[in-house]
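Okay, so chain A shows up in both of these, paired with chain B first and chain C after.
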Partner chain A sequence: MAFAWKAAGITYNRYLAVASRAVRRSLKEDKRLQAERRGEMDLRFAKWESGRQGENKSLASANEAAMAEAASGGQQ
Partner chain B sequence: MSSLRFARVALRARPTAFRSPLQRRGYADVASDKIRLSLALPHQSIYKSTDVIQVNIPAESGEMGVLANHVPSIEQLKPGLVEVIEEAGGSKQFFLSGGFAVVQPGSQLSINAVEGFPLEDFNADAVRSQIAEAQKIASGSGSEQDKAEANIELEVLESLQAALK
Partner chain C sequence: MRVFATSMAVSAGRKGEVGWVDLLIIIVMMLSRTARPAFRACVVVASSRPVASPVANAANYATLREIEGRLKSIRNIEKITKTMKIVASTKLTRAQRAMNDSRAYGETSKTVFDEAETKPTEAEDKKQLLVVCSSDKGLCGGIHSGLSRRVRAMLNEQPNVDLAIVGEKCKGQLSRSNGRQIVLSFAGLGKDIPTFADAQAIADQVSLLPTDYSSIKVLYNKFINATSYEPTTVEAFSEEAVAESPNFAAFEIDDEVLKNLTEYALANTLYWALAEGHACEISARRNAMDNASKNAGDMINKFQILFNRTRQAVITGELVEIITGAAASEQ
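Up next is the complex of A and B:
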């Protein structure tokens, strides 16, 4: 099966996250406020090289960069 | 000679009234017209091994209805409406954001999704305004990823809008 989002380098995990975000935003006000808390994610990581901690990076923006690279890398 | 006589005695000693309830219990144990449904989200299980009559699911390979004794299969789900026809005869509808349905041997069905809500929990106005916004991004001049994500949202929202009508 060919999916349009795959050509843009988007992973299945990201696809599900985007789809679920749209579902949460469509809920009635009271349910939406509760549900939207489940969509929040803020993870940071750092690479350790020769005993030193590298720069702190956001996982979300690193994922975005990786997906952009996968798309321009010409993966079908 | 004596062993034959013993066998005949044993046959006579088993009353028919004792045999029939045993047979009936075996038949009821099978319950072959029901499918055992588990519908689970990461934060909640909507159905937990509940016997139901039929489940209609929006698989990527097409809409399908699952009854008891369905052939085992794994289906990726589109964002869409899952309909559960319960034992009592009523039916319930849930909008799922996407996930997988696994039909297991022995009339068991497991559906896993990220988000799932009954239709009455949705706000049609919120859907409409999100569609307008997503269309703007999809036809705009953003990055390829932004446009692809807007198209994913459009797929979800249009399916939801069709279900709400």
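Up next is the complex of A and C:
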């Protein structure tokens, strides 16, 4: 069983997030506003190297970048 | 000066004292105005004393002003803590509902592993990962430091552990003692109720870590009731641990899908832990602010009594002065 999204380097959680976003956007206006609030994510994260904190980055963009990298790595 | 005198008179009148006392006070105030420069020198010397002796009149007057200022600032603090308590109370019901909803996610995913009788793999050489779920905001009693203390205790028993920390508070505390073991830190949590998208994003970033961990533990504050919480860990199993579990065959899961399951289970567990930790934090903040308002109320009472006593002492002292002055001029 091969998944198209797996080949694109997307993790299961990311796949779920994208799917749920699509469902939320197709809801009716009043329900959509409520539901979209549940899908918001505004976290920042930092990697640590031997006791020092690295740069603070947005988690959403970092996740996307990592997955894009995984996708290009998978095709080669 | 005159304004102050009349206000004193009004306050004295309100307490039902006899009218001529007020008049006397005004006279006293006017009299003492002439002798100001001499007094001012004493003020500097004696102003640090909380309750001045009745001999040094000017010192009394200075502390009166001081006490008044302190009283005012305590009243302001009480107002602030009361407001914060009200805000936390209104947030609490929502947070608790979110916690109960999220429990369904965590418990469903836990049932799978309970049925499969999954045990954590006992590989000694492999590292473990500990995800600590705190938040960015303080002013909520000791729940963050409770988590940090628990982490340190766990690290003493088992030093071969990496840390991923959610929330600024525990990050600050643990980076001082165990900075070398931190691999990831997340911020921006605690403004609102954590969403499943938050948990998913954290789970993704954790699963992207280069090290292969034997197990991932999630540490969070378990909500026991409105006044007590307990730092608790839940396990999110690695792929091998799930594959090795005795009843695993009953679920008929393909090997390819297994990775998805572990990732999803991690997100579920994280969501549960985050929501429960958030509810604990809000309820702890409510309690902390409740206590702070109570303490402020106690202090206000104490200072009010002190203020009244000092005021009366000043009046008595000045009356004595007038009477002795009058007696001396008669002779």
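One rule holds in what follows: the second predicted complex is superposed on the first by the 69 of 76 C-alpha atoms of A that agree within 3 Å, B and C clash if a C-alpha of one lies under 4 Å from a C-alpha of the other, contacts with A are read in each partner's own complex, and residues count from 1 in each chain.
Just so we're on the same page, a residue touches a chain if its C-beta (ideal position, glycine included) is under 8 Å from a C-beta of that chain, and two chains touch if they have at least 3 such contacts.
All figures in this text were calculated on a predicted structure; none of them were measured in a lab.
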Fit or clash between chain C and chain B when superposed on chain A | fit
For A:K47, select first, second, both or neither according to whether it touches chain B, chain C, the two together, or no partner.
-> second
Determine, under the contact definition given at the top, whether A:E55 touches first (chain B), second (chain C), both, or neither.
-> neither
Kindly classify A:A66 by the partners it touches after superposition: chain B alone (first), chain C alone (second), both, or neither?
-> second
With chain A at the apex, figure out the C-alpha centre angle toward chain B and chain C and round it to a multiple of 10 degrees.
-> 90
Given the touch rule stated above, what does A:R38 touch, chain B (first), chain C (second), both, or neither?
-> both
Touched partner set for A:L27, first chain B, second chain C, both or neither | first
Check whether A:G9 is in contact with chain B, with chain C, with both or with neither, and answer first, second, both or neither.
-> first
Looking at the superposed set of three chains, what is the minimum CA distance between chain B and chain C in Å?
-> 5
For chain A, which residues lie in the overlap of the chain B contacts and the chain C contacts?
-> 1, 14, 16-17, 38
For chain A, which residues are in contact with chain C within the complex?
-> 1-2, 11-14, 16-17, 37-48, 50-53, 56, 59-60, 62-63, 66
Touching residues on chain A, where the partner in the complex is chain B | 1, 4-5, 7-10, 14-29, 31-32, 35, 38, 64, 67-68, 71
Touch list for chain C against partner chain A, complex | 175, 179-180, 182-189, 195-198, 200-205, 207-208, 254, 256-257, 259-260, 263-264, 267
Which of the residues in chain B come into contact with chain A in the complex?
-> 42-43, 60, 79, 95, 97-99, 114-115, 117, 121-123, 126-127, 130, 134, 143-145, 147-149, 151-153, 155-157, 160
